[in-house]
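Can you keep this structure in mind? I'll have questions shortly.
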């Protein structure tokens, strides 16, 4: 029995990490209707920022989440202002291709700068575990990352609902034209949104860097999991990605126990397709976002 | 599109076909193989154009049909000893039927959701192949017997595959050309521009979309089958690699989505550019390719053919007003 | 002779909202049913229910006696029922001519070759006054021309039933009269018409019967003159307080 | 109007045909000054890390040979030059590159990284009449196809896990009884696991679990959770880098403490000890080469000399077997060309087939299938953050600490 409990708890922690990685992706897709294929590359960039800080000044990766977020926020803001804004009105292929080009650029840039070594940000405590009865273990590293995921998602939903800028972001997301009539500079708000999403990705990268190993080739995998978590959870609200991540983590954990281990990814994609076919707006998403059709 | 232009279109298409055949005599084996890959991508891009370009449904799982066609052929040739020429047809049928089946729930989705759902299907197919090693060899790969008595069809050789991929590409472009000017093309373009209005005017949108999706998948499956036979040994990671789909999309969009010549030009230019970059910038070729895609997408979102047509008809040469059109 | 199109107890619920509740209507050959009601009364939803854009929650739709309840839009188009959209929905990438030609190819006539369909489309364009603009793109049309294109696309289906959703909206006063003449001509050709409009005088001019929708329900129905004078209709449109002021004003200067 | 666009492609297609003319034959290997070896290497993509390590090995060989005046061919000394092309870790691109080398007259090919790419390249080598010295494609499947022109300097896949089990059976006191296997699901790892399970049973171990994980994953928690209940004393991982690190890291997280971990490919690499720091202590790794491997040759001297040469060239970093096996493959060509006295591919092929030399990498002797079966693998253990040779005992640097895991 404890084996199943261990898998479930570990699955929940893994799910939180998926949620943490996906929340930025879901924000950009929800507000700007842009699918950012370079999201995984942003996550990795955050991991490398935290790695360098740890290497140079010995900063703990979980503390490194803040500088990683700041660096990525700046990068995200500039990228949106200078580049993504140029195509935000274009059909979806164009935004998909632009972000795909961005992914190639960032991943291979990381490869040229940091080589392809497998890295992990060393911490003294990350691999130790909190021992629960029945020898069920909660590794500290993943626990902190999970808590960070929940806190960041809460902070984002507070920000979006309570603060002026946050409301501006939501409003621009729903109807850009109307928002501009209210004196909101859509360019700035979009750049802010992309910056925040990149910052969240950066923070997630720092946490992931502490918990597992990473190398430039992993970018695609993080983008794919963000896809699944964002769609599962549904767009239009900030906790969708976290919810989607948890469901994905659980499915993979239970699937891993009941079925041969190699089927783990197959389960993730199976769940994705089924949810999309039956309930396109996802578990907690708003139909408005799913029905939005672009020319 | 008046008939006179159609005739010119077909004539020029034939000219290009003959030019390509002539090209073969000029090339080394390495170049023959590279140009065969260009033809493969011309065929894949033109096939994707049917569902992505004409109908406007951005299928991000096209490599799923490519891999499905490939594995169908390999399984039939390896386990049942069926001749390649039969299995390529079976591969097309299997891919087409699978698309129709999957299309039933997925073609109701639109935009990003359709893209993500089809991506999920392709990734799911790869996992399926990975987990059925008895039939497909799984992660260890599977090899078609191409030498000795139990080889159902002898290996065609680089020149043989050059011709095979050229014929397949010509077939797909011809199908695309035929549809563009036919009644079907009308319906697909109407669906792309306003599906509800098309339905209200009598277009059976479900049937039209499913046919376009299945047709595109079948042609992609056939090309996948040819690729598998050329490779002799195939692996799931490569046959279901999402980059193949994205490369198709890049080629169609930058060539000119929804046109006949667009995918052809896009495929030739992009395949040639990435090959040239890989040879000359061994370390940074993907990096530069990424930058090129970004610049091309921003400056020429409507694609080369559409840009050329607008430039000639309306004298609008400047790329900047392309940018202005989509800028926030 | 039964009506060309019979809708019985048609209703549609979006979650808690009852957009259309229990509407009955008949469209007869050569007759025009005007439908009016304040914004959000469910007029467009009613048309969408009839033409299959939306599936009705309850109720039935019969066309020429056969059941088409919940049928897909193209089957209803093939049964000879055409419609225009309140917000014009042209095919932007095609020429005006091709927009209309599509109906020939996929409408009841099912023509095989695009060239034939294009020739047929020219007549329809002339009829609605877009003859000279066949080669233009829909984006280059004025508001009025865009409405005419919408009408042309519907007429090209050679419908026996035609549902017009605010086809006069945005027309300048000078353009309304010819449009009404065209609608009268269609009615006299025997087409069964339903017209949703806010222009009360246009409704009065061409309607054989008028139906008033309010909050998805039928408020009242009957000849135009009687319905338009009914205070409940005025109240529905302009609200209670204003209705009383109108009533007081009318009572003062018009003797009993 | 559309026709104008189509006329455009016709012109484009014809210009392509013009510039692809046969005229530009590349520098053929025959021209006097240099002996060119072609190498399709994964510089980008999923195998970029292993590709970089392999490239270092090739570079050391070129530098050493050229510092000593070059390769003696029929009395003359020719400069050794290696041409690299990036196959982006994709088998079909590797096959295409080998064809392109063939066009440029480069007939002697150094193997790419990984069994899948090597298998694809081997098929093309056979067709073009080229010769390949395979440095990193160990899967036995490659050598069951009747290929005559591919020679693998490294020991075959079936030894990777078996050699570690032999070391444990030989040195571990008290001898553990239960073994669990965690394997990636690619061809190479499956061959290693199959042979490992057979060897474990023949050595009297009880195999309590055999779990498979997706190739290249960094999350093996579900497989580990399943075998936790059976508390195996030995966990054998037939994996690559990502899974290798994940097994040790997540085992610690899940509180799984076997007496020892034994993994293929990952432990000898510098990344392993660097990322796992303390938890890497005591982990066994099978390796093709250690600085204690017996045998020497006139180019690179003994294993010790090779280690010094490598450290000098790569700011005194310890070499590990990926680099060594690459240098050995290049060395095999150098020896074969010298023996054949010509760079003609068929003569070089025959020289390679008949090669029987002691080198810094151990014996180079190929059976009729092209495998170097006489060369034994060795076992290292991470001690003090460094891979140290522990088996076979006659060429070991230190004794094996048992139990390994948790001992630190």
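First chain written, first letter: the chains are A, B, C and D, and each begins at residue 1.
Throughout what follows, a contact is a pair of C-beta atoms (placed from the backbone, for glycine too) under 8 Å apart; a residue touches a chain by one contact, two chains touch by 3 or more.
A quick note: this is a predicted structure, and the numbers were derived from the prediction, not measured.
Comparing chain C-alpha centroids with the centroid of the full set of protein C-alpha atoms picks out B as the closest.
The distance from the centre of chain B to the centre of chain D, each centre being the mean of the chain's C-alpha atoms, comes to 35 Å. Averaged Cα coordinates give chain A a centre that lies 31 Å from the centre of chain B. Chain A and chain C have Cα centroids lying 48 Å from one another.
Centres computed as Cα averages put chain B at a distance of 43 Å from chain C.
Within chain D, residues 44, 46, 185, 214 each touch two or more of the remaining chains. Shown for chain B are the residues that touch two or more other chains, namely 130, 139, 193, 283, 286.
In chain C, the positions touching at least two other chains are 92.
Screening every pair of chains for touch gives A-B, A-D, B-C, B-D.
Chain B makes touch with chain D in their complex at residues 1, 5, 8-9, 12-13, 15-16, 19-20, 22-23, 26-31, 33-35, 37, 130, 133, 138-141, 143, 147, 158, 227, 231-233, 235, 237-238, 241, 256, 259-261, 264-265, 268, 272, 278-279, 282-283, 285-286, 305, 308-309, 312-313. The residues of chain B lying in touch with chain C in their complex are 3, 181-183, 186-187, 189-190, 192-194, 196-206, 258. Only residues 1-10, 12-14, 16-17, 20-22, 43-44, 46, 84-86, 88, 90-92, 95-96, 99-104, 116, 119-120, 123, 128, 139, 141, 145-146, 184-187, 190-191, 214-215 of chain D touch chain B when the two sit together in their complex. The touching residues of chain A, when paired with chain D in their complex, are 3, 6-7, 10, 14, 108, 111, 115-120, 122, 127-129, 131, 135, 137, 139, 141-142, 212-218, 252-253, 255-257, 260-262, 264-265.
In the complex of the two chains, the chain A residues touching chain B come out as 29, 33, 35, 83, 85-94, 96-98, 100-105, 107-109, 112, 186-187, 190, 220, 224, 227-228, 231, 260, 262-263, 265-266, 269-270, 272-273, 276-278, 280, 290, 292-295.
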